[in-house]
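In what follows, a structure is listed as structure tokens, so that the remarks can point back to it.
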Amino acid sequence: KKIEIQWWHAMRSARGEVCKALIDKFNKSQDKYVVIGTNKGNYDEVLNAGIAAIRAHKQPHILQSFEVGTQTMMLSGAIYPVYKLMSDAGYDINWNDYLQAVLSYYMNKDGKLMSMPFNSSTPVMYYNADMFKKAGIPLPSKSDPMTWDELGTILKTMIDKKIAPAGLVAAWQSWTQIENYCAIHNLPFASRANGYEGLDCVLQFNSPQVVAHIAQLKDWMKDKRFLYGGQKYQGPKAEFIAQNAAVYIDSISGIAKLKKAVKDFQWDVAPLPVESWMARPQNSIIGGASNWVLAGHSKEEYKGVAAFLAFLAQPEQQIFWHKQTGYFPITLTAYDELKKQGYYKEQPYQEVGIKQLNRAIPTKNSRGLRLGYFVQIRNIVNEELEKVWNDTKTPQQALDDAVARGNKELRAFEKIYN
Amino acid sequence: MIKRSIFSNKYLPYLLILPQVLVTLTFFYWPALNGLINSMLLSDPFGLHTSFVWFDNFVDLFTDPLYLKSIGITGVFSGATAVTSISLGLFIATLANRACKVKAVIRTMLIWPYAVAPAISGILWLFLLHPSYGVVALIIKKTFGVDWNPVLHGSDAMVMVIMASAWKEISYNFVFFIAGMQAIPTSLIEAAAMDGASPFRRFWNITLPLLSPTLFFLMVMNIIYSFFETFGVIHTMTQGGPGGSTNILVYKVYQDGFIGLNLGSSSAQSVILMSIIIIVTILQFKYVEKKVQYTG
Amino acid sequence: MAEVVISDVYKMYGKVEAIHGINLHIKDKEFIVFVGPSGCGKSTTLRMIAGLETISAGTMRIGDRIINDLAPKDRRVAMVFQNYALYPHMNVYDNMSFGLKLKKHPKEVIQSRVQEAAEILGLTSLLNRKPYELSGGQRQRVAMGRAIVRKPSVFLFDEPLSNLDAKLRTQMRAEIKRLHQKVKSTIVYVTHDQVEAMTLADRIVVMRDGHIEQVGTPKELFRKPVNTFVAGFIGNPPMNLVPCTLDSDSATLTCRGKFSLPLPQAQADALRANGHGNKDVILGIRPENLSVNDGKNDPVPDDWKVDALVDFVEPLGSETYLHVKIQDIAFQARTKGTTTITEGDKVPLIFDLKYMHLFDAASQQSLL
Amino acid sequence: MVEKTPILDTLTYVFLILGILIVGFPIIYALIAATLPIEDVSRVPMPLIPGDQFLVNMKAAWVKGDLGTQLTNSFIMASGITIGKIIVSLFGAFSIVYFDYRLRKIAFVSVFCTLMLPVEVRILPTYEMAANLLGPIQSLVDLLHLGWLMDWFATHDISVTLELSLLDSYPGLILPLVASATCTFLFRQFFLTIPEELCEAAKMDGASAMTFFRKILLPLSKTNIAALVVIEFVYGWNQYLWPLLITTNPKMMTAVIGLQNIIPQADDLPFWNVAMAGSLIVMLPPVLVVLFMQRWFVKGLVDPEK
Amino acid sequence: MAEVVISDVYKMYGKVEAIHGINLHIKDKEFIVFVGPSGCGKSTTLRMIAGLETISAGTMRIGDRIINDLAPKDRRVAMVFQNYALYPHMNVYDNMSFGLKLKKHPKEVIQSRVQEAAEILGLTSLLNRKPYELSGGQRQRVAMGRAIVRKPSVFLFDEPLSNLDAKLRTQMRAEIKRLHQKVKSTIVYVTHDQVEAMTLADRIVVMRDGHIEQVGTPKELFRKPVNTFVAGFIGNPPMNLVPCTLDSDSATLTCRGKFSLPLPQAQADALRANGHGNKDVILGIRPENLSVNDGKNDPVPDDWKVDALVDFVEPLGSETYLHVKIQDIAFQARTKGTTTITEGDKVPLIFDLKYMHLFDAASQQSLL
């Protein structure tokens, strides 16, 4: 009888199918283990399901958690760190072969890898190339970011010419408009190196620059240069697909969906805009999720888990994954292989994200975020931003409040672990 | 009340009540006790690190403007839902009561929304009220010139969840009102007619006062409904948003407890909700005792 | 003038005819009582007068106004319902004044009228009570009070006493009688209680199946019932009704071939005059006109005595009901409470034919 | 009544028809949407002429939402709650009404304390309880610092507590919702209206308590049971928060929750036609139950008030 | 032998004593009727015999078995309830056979017993009907049938007719009487209806407040009530009870100083013999022993005539109740239906003191 390995993940629709293909491939490649992949909803829901299962002692072997849950998982005491698992199972892995910008996000303070990066992304800017052409605007560069001011002008032109009903939409507003904005402009999101250096960090994203950025977006709302598409339902992506918006900021993982869903116009990818005062923009930070191995299973099963994780990291799998979904190939080997194949010549937009990620040496502000109760903090940021969009608060007020409320969460979290 | 004709048996009554007691103890009392204890704990999401903090969670809640706001939101939401569905239910029942001959048909046509799950009601109404393609939203925008956008505007979202919640309660209220009206002796209405009361007068001076027990009962039931069962409506329509403007208490319990994993605070909120319900229930029974009597 | 004139009135419920064309002239200030078995149409008739049911055909007149299409409130009638129909949420004062308030009478008028009615009915100290704080009799009085204050020209009562216990019923009966003497209005009163009908009515209307069978004073109904239905309906214990044949000479009755009785001269003459000889008839005789020979009786011809067997005896103390049989024909007789007759006794049963009734067997109509 | 109010009568019917239309509108609209292809349904405003895609959309909803499985789950859950509640409360009410014993009052009061408390207010601890039925024992273990013992068990593949979790199971979906006093209360009220003489007559006839229950009480409660079947079935079918929490395995999910998967979300195209078709399918069973058993349903609803 | 012997029986409901030690010997095959005002303990006593209430103190015996601790089903008693208590979901046959089935009688025995009972009660054609398909009287009969099939030695009836209308009540009364003659069992019957008690009972037990006031045949109770309570309770219209004083000679009664009556010799002698002179007493006289001079009466001494004023008249057809007043003392008299006396008439009221009752004003006990 084969040993069953449970994997709970958040990959649905286009990405879900790719996951399924990978699992099938693994199951066929050997006859000792069988991986059962289950979609447990979106990122929040998977994390919740996982935590609930851990509390109920019914946890799966592998749990996919988005980057926001990293701190929570790391400190939970319910995990089997990946570096340990791999060495216990006898795998000698060359961690230097991995994309360091990604690995560092998931390492503990001793530099040990706690979870296996799986689907890593970063936000980029999609645009409706047809509209750009129609408006006579040259297509943006794939390597040099445009400035926000330039974007503003472009959008204004398009709206004035009635080429686009609205300008910009942004998914994951906290991630793309604040977290990554901070990273790219080398602003602290939180103190103590964005939380990497201690639980006693405080949020700092209410800096004048961020406030100004949000204020600008708010300003753009007036003439529809910015459109708030909500957190869910028919959200930003749908607006872009329906050609209601000309520009759309989202994770590189959007590629999979756009490839599938967009039939009647040309689209392309560019790096995120940068403020004009930022001459040398920093790298963006990653998003997506990693696979956590949960404690409480047998040695035999962990062998299977290790085998599966190792399988996923194989260049062949990574290349397939990258091509299908847009997520980064996680190892340099795979990346080099792709370059060698000339894939990026063929599909240049696939490289925009990875280049944006690698364009500078990460600083303390752009390494990533390591915050407790980050899920709630995101919700708070979302809520407060919504209050800006619907005129209940000024950007300054909203961000101050978000910081204050978020700090409360951080303190509560700190209290638990002290 | 005790029946005077009782059976005497040593073990049988205990045996009979056992399943009920067992289920109640396991899934009510033990959890309630646990909830009470949890409400005084600070705990990590995994329940591995806990510390006893007495009433800190409660203090935090009552000093948290957002919680207070959530109470306010719940008040507005429940009040509006109850008032809307009760008044519409009463209105239609009054009409149906006049249309004696087709009463049964009308009942059939109105009764079914009761069976629709709140969550589905949420989906249906979301489809009607969605800012980009909902028809009703379109009508609102066109005819009233309102910038209807529940994704963005808290008040619009509130109106939207109230509509979806009130809609399915109308049928419930309707059934009770119709039954209540039928329980009023016709001779009372006839007496009022002979006293010279017009149909409106009869409604205001006789029917409505005599329906007051029903009205009160429905008030309580509707408030309980809008406090708890509307979870599905909120979850499918707004998830408490935008900007927390539809984050009613029970949704906050869920958000803080199951999404935010702040179990202590969530338990404290549960305890508060429980107390509210207990008070409402006591009130209800007190009032029911003093019910108006129709004939003797 | 508050006479009520009912002319050829019909009532249809859907396709079913409940009242089949009735005519009745109720005089001003008269106390009229409707009696009859359940479902005969008493309430329906009353409710048509009140305006609570539409009149399907015919006309009704109160005073000199045709009321067919008038709303109840415009008919100057007031009604006391069987279950009183007091407004449970209003106190006695409000119950009584509700109608006046609706008519926008000035406050002082209302107050004085309610006071007056309350005094008549002894309710003065109860004006602030709610109906549920009152006894059955008091509620009944409030219901009357509510009618009185409106100073209607016609009072309508639908079995107003049937929810009360026996003692209270007797008492309230007296009160209604007194009320009629005081307010001097026309009263139409429905009951199924014979005693009420007999003691209260100026005239009684006996109904059956949507028809009026007889209208008359209590005495007339008792003494001269027009048919077997009325005869059997009025009086307790009910009249004995026995099928007999009348000889050609109208001089002798033969009861089911078992025994014969010579008729008194007066009756025989009357029958003969009307040509009623030689036919099947029904003899009606009340229990009190049947006596057994256990004390001195009015002297009667010997041939009115028939031998009978006592089947069983119901002694009520003050009087005794005897169930006797002449062969297999059962009779009920009424005698003193002190009688010594017991079950199984053979007694001579005396028919006091002076008080006899005679009905046509076919039409059931009275022949005398 | 002789009363001429033609204007009022007309208004009555006009408003009635209006009321019925307004109440029915969401469904009518959903029905139309469910017949349209995706292009039509995403047009603004959506055309009000039904299309021909009804079956296609139904099938899409069925497959996409795995409604077969989920409807079965819903059905099992709703029936389980219904049957469980009714049985438990019939016995409970019988015990409370027809016996006199020392703990009766306590039993009565303790059960009725739960009358108005929906599962939502005790959701968290009930969840914990369902997650680990041995919670009470576990807390004892914790108290005695025997945690290491559990860990040992856990890491050695001997799962003691594992079996007692109700998560992702039918008992977990059902049992906690059986814990409610409403049915018991209603049965108690009903039993109290049954003439005592009936019980006395049965006693004189030599019936034992259970014979009386089986032969007299149960048949007499038929209509009340029918009424509660309707109400509790609808209640069970429409549960949301509880199944949302207690099921994580899609194979155990109930239909009302599962609908979430076919409502268009951020990643999807706006397949509202499919979503509406799915909604219609999922709401159909309880709506049918209510419509066909209206008489009992109304009786059951209205009686508790009395 | 099915005599029922009740010895010193008490009943406590919690701390409240409802029955205060009663003694009664019901003979085999006797028809005993309990009467008394509401709440006096009639039902309680019956239910103790049935085994539906525990006996708090004292003993009950049926035949030669002490039944205090026997279960109802083992007492060989059967009960007919006021509301019949038919099992609504079972047809007539099942209702009647339920008890026998529980006792596991063979099928044929059950069938024959039910058939037999059904024949006695004329229910044969109704065996397949459900209770709601039966009329009130039929239901009543099924309830009796259910009792009969069990062949009990004692039948218990608790107000079995009070839910029926007047006509049916009379009819069912006769049926119960017939039943008693047929089954020849002991019957204990509770009612609040005097007529039932008088007509059915071999002996009547009058209860008040948990005590037995008097036990006797209907005649005894009517003729010789032991106290004012029984006197007022038995007879309709009730006996007139007037406070008077008896002179020292025991020869003359003076009623509230308003008028005086000389006592008949026999009564005066008896009173004097018992030393009852010169005390406050209550005169009891039944309406039928008060006559007005509107026809020939038994000759009475002239000084038994007192002038009276007719307050109001209730003509019932066969007889008339007169409400008369001697100054302000009200009396009710009974006279013929044919009387011509009307309200406001002045009449001589004749006291037929041969039938008078006299009670001690303090103890309310009979003095004669």
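Letters A, B, C, D and E mark the chains in the order given here, with residues in each chain numbered from 1 onward.
In the analysis below, a residue touches a chain if its C-beta (ideal position, glycine included) is under 8 Å from a C-beta of that chain, and two chains touch if they have at least 3 such contacts.
All figures in this text were calculated on a predicted structure; none of them were measured in a lab.
Enquirer: Go through the assembly and pull out the chains touching chain A as well as chain D.
Expert: Common neighbours, chain A/chain D: B.
Enquirer: When every step has to jump to a touching chain, what is the lowest number of steps that links chain A to chain C?
Expert: Steps on the shortest route: 2.
Enquirer: Specify the chain pair with the maximum number of C-beta contact pairs.
Expert: Top-ranked chain pair by contacting C-beta pairs: B-D.
Enquirer: Let me have the rounded angstrom distance from the C-alpha centre of chain C over to the C-alpha centre of chain D, please.
Expert: The answer is 59 Å.
Enquirer: Taking each chain's centre as its mean C-alpha position, how far apart are chain A and chain B in Å?
Expert: Taking the average C-alpha coordinate of chain A and of chain B, the gap between them is 40 Å.
Enquirer: With centres defined as the mean C-alpha position, give me the chain D-chain E separation in Å.
Expert: The separation of the two C-alpha centroids amounts to 58 Å.
Enquirer: Among the residues of chain B, which ones contact at least 2 other chains?
Expert: 5, 126, 132, 190, 193, 258
Enquirer: Residue numbers in chain D touching 2 or more other chains?
Expert: Within chain D, the residues that touch at least two other chains are 1, 3, 42, 128, 197, 200, 203, 245, 263, 270.
Enquirer: Two or more other chains touching the same residue: where does that happen in chain C?
Expert: Within chain C, residues 51-52, 71-72 contact more than one other chain.
Enquirer: In their complex, what parts of chain B are in touch with chain C?
Expert: Touching chain C from chain B are residues 185, 187-188, 190-197, 201, 205-206, 209-210, 212, 292-296.
Enquirer: Please name which positions on chain C make contact with chain B in the complex.
Expert: It comes out as residues 50-52, 71-73, 77-79, 81-85, 87-89, 98-99, 102-103, 131-132, 136, 139, 146, 150.
Enquirer: Taking the touch rule as given, give the residues of chain A at its contact with chain B in the complex, in rising order.
Expert: Residues in contact with chain B: 44, 48, 51-52, 54-55, 72, 75-78, 228-234, 373, 375-376, 379, 382-384, 386-387, 389-390, 392, 405, 412, 415-417.
Enquirer: Which stretch or stretches of chain B touch chain A in the complex?
Expert: 42-49, 51, 66, 126, 130, 132, 151-154, 239, 241-244, 255-256, 258-262
Enquirer: Can you name the residues of chain C that touch chain D in the complex?
Expert: 51-55, 68-72
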